[in-house]
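After this come two complexes, each holding subunit A, first together with subunit B and then together with subunit C.
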Partner chain A sequence: MDWGLIITNALRAMVGIDTVVFALAAIGLNVHFGYTGLLNFGQSAFLAVAGYGLAITVAEFGLPTLLGVVIGLLSAVVLALLLGAPTLRLRADYLAIVTIAAAEIVRLLYRSVSLSEYTGGSDGLGRFSEGFYSINPFSDGRYGIGRVSFDERVTWALTVGWSLVLLSCVLVFLLMRSPWGRVLKAIREDEDAVRSLGKNVYSYKLQSLVLGGVLGCLAGFVYAWGRAAVQPDFFGTETTFFAYTIVILGGAARVLGPVIGAMIFWTLLSLTDNVLTQAKSAGYISDAILTNFEIGQVRFMLVGIGLMLLMIFRPQGLFGDRRELALDAR
Partner chain B sequence: MPADQHATSAEVGETTAGGAATADRASLTPAKDRALKALAGVEPVPGAPKPDPILVADGVTRRFGGLTAVEVAHIEVQRGSITALIGPNGAGKSTFFNLLTGFDRPDDGTWSFNGQSLAGVPSHKVARRGMVRTFQLTKALSRMTVMQNMLLGATGQKGEGFLSAIFPPLWRSQEKANTERAEELLARFKLDKKRDDFAGTMSGGQRKLLEMARALMVGPEMVMLDEPMAGVNPALTQSLLGHVKALREDGMTVLFVEHDMDMVRDISDWVIVMAQGKVIAEGPPHDIMANEAVIDAYLGGHHDAPLTEAEEQAQIAAGEAELRREDHT
Partner chain C sequence: MRHAVRVPRGSLAAGTASVLAAVIATLFLLLLPAPASATPTPTPSAGAAGGTGETLQGRLVNEGEPLEGVTVTVTTADGDEVGEAESDEEGAFVVPLPEAGDYTITLDEDTLPEGVAIREGRSAEVTLPVAVGQQRNVLFPLGEGTRNVQGRLDRLPTLAVEGLQFGLIVALAAVGLSLIYGTTGLTNFAHGELITLGALLAYWIYGNGRLPFLLAGLLAVVAAGVLGGAQDRLLWRPLRKRGTGLIAMLVVTIGLALFLRYFFLYLFGGSSQPFRAYESQSPIGLGPVDITPRALTSMLIAVVVLLAVAYALLRTRIGKATRAVADNPALASSSGIDVERVIQVVWISGAALAGLAGILLGLAQQVSFQLGFQILLLVFAAVTLGGLGTAFGALVGSLVVGIFTQVSTLFIPSELKNAGALAILILILLVRPQGILGRAERVG
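Entry: the complex of A and B
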């Protein structure tokens, strides 16, 4: 078994594109769920409208990348308003139902045959990232420390991605220590109490939904550029639930929780995947127990077991405060 | 603080208020005296007009399907007084409270606060206009500290806007002023030592105190307390009563829901009694306790009388049969 390769791959996964994409998606979800208590089960839709907003603008209409980004951002804002306006006056579970349905509608819309002229159907879209890579300041070559290195394209995508993660974290940090963030946390605790103190709860919930949606849509851009393609099935419910896992893993309502959560999540997936593959090829595991095709599924099972253990022994997540969790939520 | 002070320092003159004339002289304070004098001439009948009403409600009706939960023809609440809203369980007190504060919408009716109509005004705007409520089931924000709970109550905060929130210099001085005001209030409610504890770690009574203190951060003219004594241990009840009285001393009007008659007698200047959604009686606390309609509402009408003529005959017959049997043995 090549432990060097296993470690290298794990380290690459720790800072890789997937980690960045899910960190951003989870930062947005943390604003919704962690700070405001909104049950948004359609975070993937925000990634989708951003990724496709960018891809369609650039690939289908030949417009500049910057315009694609603006359209992606606006799409996220509009989606948040569409989802929130009718549901945020109702009880929390209505938002959950509407968002999970809306996310599937968005995915199926991009996947549909009748729109494939613009969206590429189930194949998705490519040929839109030239604009992004044309301003790449890194010249050809590999960048990194030792074997943990990336080529100039990935390095550029990661630089932009991690800068967005940093900016998002700073923004969330500033907002959540302000009186504005205090209102959000209070809404999470009890919205009637907040109403009785003269705050417009509906408006704050809508603001929270828009903010988290826009942060999540940044993940859509990074995903699109990182792969140089958008594909509809990435934006399924699985993406949203990975983001939830990451938020809870890192500790809800903690600024850096989603970032560390995403790093651990993808490192663990890489570790289990590589260890199983290597053990397989070294002959430690026979085909009767596990075939090569099953490794992809088994790694999720193992990570799942790991997460269960975490919830049992550290229910507050890595950064959470156990005292806080022990409090009666009423 | 005010509660204790006022109880001893202010023995202001005689009261001429009707039934309250028997009130304990030692508990008289300037504000109480004023409230009682203002209410002295008010006729103790349901819907009686008050000299200076802060809250007036007309024809407020709320139906849940076929059940009419609230049907208040007319009430007025005197400014600067402590008015109790009492009634047996299911009388519609809390529902009426929710309607007045915008937490529920009536099917019909109008009501005004300080002369401005509140019909259709959302709950947060009702609070901003100066009518702040508390809840029967205390709503302390558990996973926030006591101080954060308090600061949430302050109104007109610049830092509560999304854009200005990002720039602390825009709101830091206001936050500091609010913190100082919150500290004064916490000291008054003897919660200052709890300042940085999570509200969820406090006892039920302390949460009631916090909720009241937090409501005061809004700077209300009128405080609506929904069963302030419910679930509070007897030792803390006196202190809570003191704080409610102190609100009146500070010029606020208090309307509170309660079903314990003893609490009501001690602190209220005026009592409004509801039963089955309607106001059935109004008056000074001592008169109310003797009111026939109120006793009927609490104990059930004719609680000691036979229900029908036939039943009366049957009772008599049964009694005579009993006597005869005893004679035979």
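Entry: the complex of A and C
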């Protein structure tokens, strides 16, 4: 067993593209779920419309990257309004069902054969990230500390990604200590009380959905640039569930909760993947128990179990405040 | 007064269960004559196990109609032939590959049905890289230059009946989901895994003909019910006792669903398997409708079981108690109903019904680890459409969803039919948020 490699990979995962993507998705989800108490189970749709908005604009129509980003952001706003308008007046669990359904609609549309002329069908799109990498200030080479290093392209994507994470955190921090943020938290605690104070709860919820959606769509951009491709099945329900696990792991309604949660989450997944792979090649685990192909499935089982145990035994996560999560519907 | 609502322990629950079991058993008997027309030809997907599972696969569809018997050939970059496959009745083909690498897949245009061709400007030959472990999909855009052999209206009756069959299967699952929601308030995202469980249990117990299918199906339904009851006893009852919030429990169901789905994948593998004896049946014509014997039998089973459930809910004590708990648990409890007992019966019968839905769905399509997950959102759509928590609303909603998904393929590509049904769900919530049979309830 090569423990050096295992630890190097775990450290790379801690700051890698996946961590950035899921930190951003979880920051947006934290605004919905942690601060406002909205059960948005369609976060992956926000990533999808952003990623595809960018990819289609640049790859299919040959327009500049900046315009692609603007279209991605606008798509996220429109999606949030479309999702929120019919459902935010209803009970919390209706929003859960409608958002998860909407995310599936979005994914099915992007992977459908009939639209594959624009979306590339189930194989997705590539060749749209030249614009992003052409302004890369890093010259060729590897950047990092010791064996934990990345080439110039990844370094550039990570620099942009972590800057977005930092900006988002500052934004969420400032907004949530403003009077506006206090209304959101009050809605989470008791929306009838807020309504009786003359606040338009519906409008605040809609604003929260838009803000969280836009933060989440940043994850779509980073994902698209980081892979230099978009693929529809990444935007399935599992992505949303991963983001939920991350929010709850780090602690809902905490500014840095999603970021710490994402770092721990991907470090743990990298550790289990690598330890299992190494143990297999060292012959500690036979094919009868686990084939190489099945190692990838273990992570989903672990996330599932982890989400259950967290929610049952430590719903406030690692850094959350239990009193902040007295969520209940009905 | 106290007598009128008190539920005798066990006897009635067991009574309802045994009536249901007897009904199901009789109906499975109807399946017996069916294998006469069955041919045990293995589908291409059955043997899809190359080196580490790389395959090239796809589905040949022309305007929503699957194309059967079309040949595709796969060669390596050097031109060595790797494999050949013929599309099955679903239009699906799978070619297992020995290893990762670049492959060329060629569609034999001579085997396409009359009037169907590769779309203009696209080639019948595609070269693709396949990564380790990848099951890569290949698209052959078909259509242009095709003549529509059958008019739209000619297909309507068959599609409506298919939709009815699908709707009945969805209804079996939806009634359980709705009752569990009604009695406990739990939005159970792990209900899809109960559906899958039924299908997998039936597949394992049946074991390609080790036991008669009807016996295997019956055992699987019973086992699914027992496991559902155990799930409630071991997981949900302790959580209710602790006073865990409903939202927290909702997130727990998501974790459970994720875990179970991949656990099933680990146990069952990624490929789809048919129930051998009923794999291919030729449809029989009933007036304007073409229908396979297995579909007809499935529909009969579903109708009789649903009628039995409706009878149980309306006429038996436990059924009335269930509706009382769904209406107002505190009031039901104070009038002498043992709420925990009712919830347990609801879980057992809900899981058994979901298991039956899984078996019928596995019969209609094929058994796979994500069988239930794939229809879970439609089940939710059905339950929400009918009004959350009302069993009869779930029934109506299911039939609407089932018929809508199938008939919509007249107008939209069949790959988008589920998306269409989900879109209708969102639209109906806009105008009638309480669902078709739900009560209006002001929330905001």
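Heads up, the rule we're going with is that the second predicted complex is superposed on the first by the 305 of 330 C-alpha atoms of A that agree within 3 Å, B and C clash if a C-alpha of one lies under 4 Å from a C-alpha of the other, contacts with A are read in each partner's own complex, and residues count from 1 in each chain.
The working rule: a residue touches a chain if its C-beta (ideal position, glycine included) is under 8 Å from a C-beta of that chain, and two chains touch if they have at least 3 such contacts.
Not measured: the values here are computed from a predicted model.
In the superposed model, A:Leu73 lies in contact with neither subunit B nor subunit C.
In the superposed model, A:Ala55 lies in contact with neither subunit B nor subunit C. Contacts of A:Leu24 after superposition: neither subunit B nor subunit C is touched.
With both structures placed on the common chain, the touch criterion links A:Gln207 to subunit B but leaves subunit C unconnected. Within the superposed three-chain model, A:Gly181 lies in touch with subunit B and out of touch with subunit C [touch as defined at top]. Contacts of A:Val247 after superposition: neither subunit B nor subunit C is touched. Of the two partner chains, subunit C is the only one that A:Ile305 touches; subunit B does not reach it. In the superposed model, A:Ala224 lies in contact with neither subunit B nor subunit C.
Using the contact criterion defined above for the overlaid structures, shared-chain residue A:Ala10 touches neither subunit B nor subunit C, since it reaches no partner.
More residues of subunit A lie in contact with C than with the other chain of the pair subunit B and subunit C.
According to the touch criterion, the shared surface of subunit A, contacted by subunit B in one complex and subunit C in the other, consists of residues 195, 201, 327-330. Within the complex formed with subunit C, the subunit A residues making contact are 39, 41, 86-94, 96-98, 100-102, 104-105, 108-109, 112-114, 116, 121-123, 191, 195, 201-202, 238, 241, 244-245, 248, 291-294, 296-298, 300-301, 303-309, 311-312, 315, 326-330. Partner subunit B is touched in their complex by these residues of subunit A: 171, 174-175, 178-183, 185-186, 188-190, 192-201, 207, 211, 323-324, 327-330.
Touching subunit A in their complex are the following residues of subunit C: 52-53, 61, 133, 137, 139, 141, 185, 187, 239, 244-252, 254-263, 265-266, 377, 380-381, 384, 388, 413, 415-416, 418-419, 422-423, 425-426, 429-430, 433, 441, 443-444.
On the subunit B side of its complex with subunit A, the touching residues are 101, 103, 122-125, 127-128, 132-135, 137, 139-144, 148-149, 151-153, 155, 157-162, 165-166, 168, 171, 175, 198, 200-201, 211, 214-215, 217-218.
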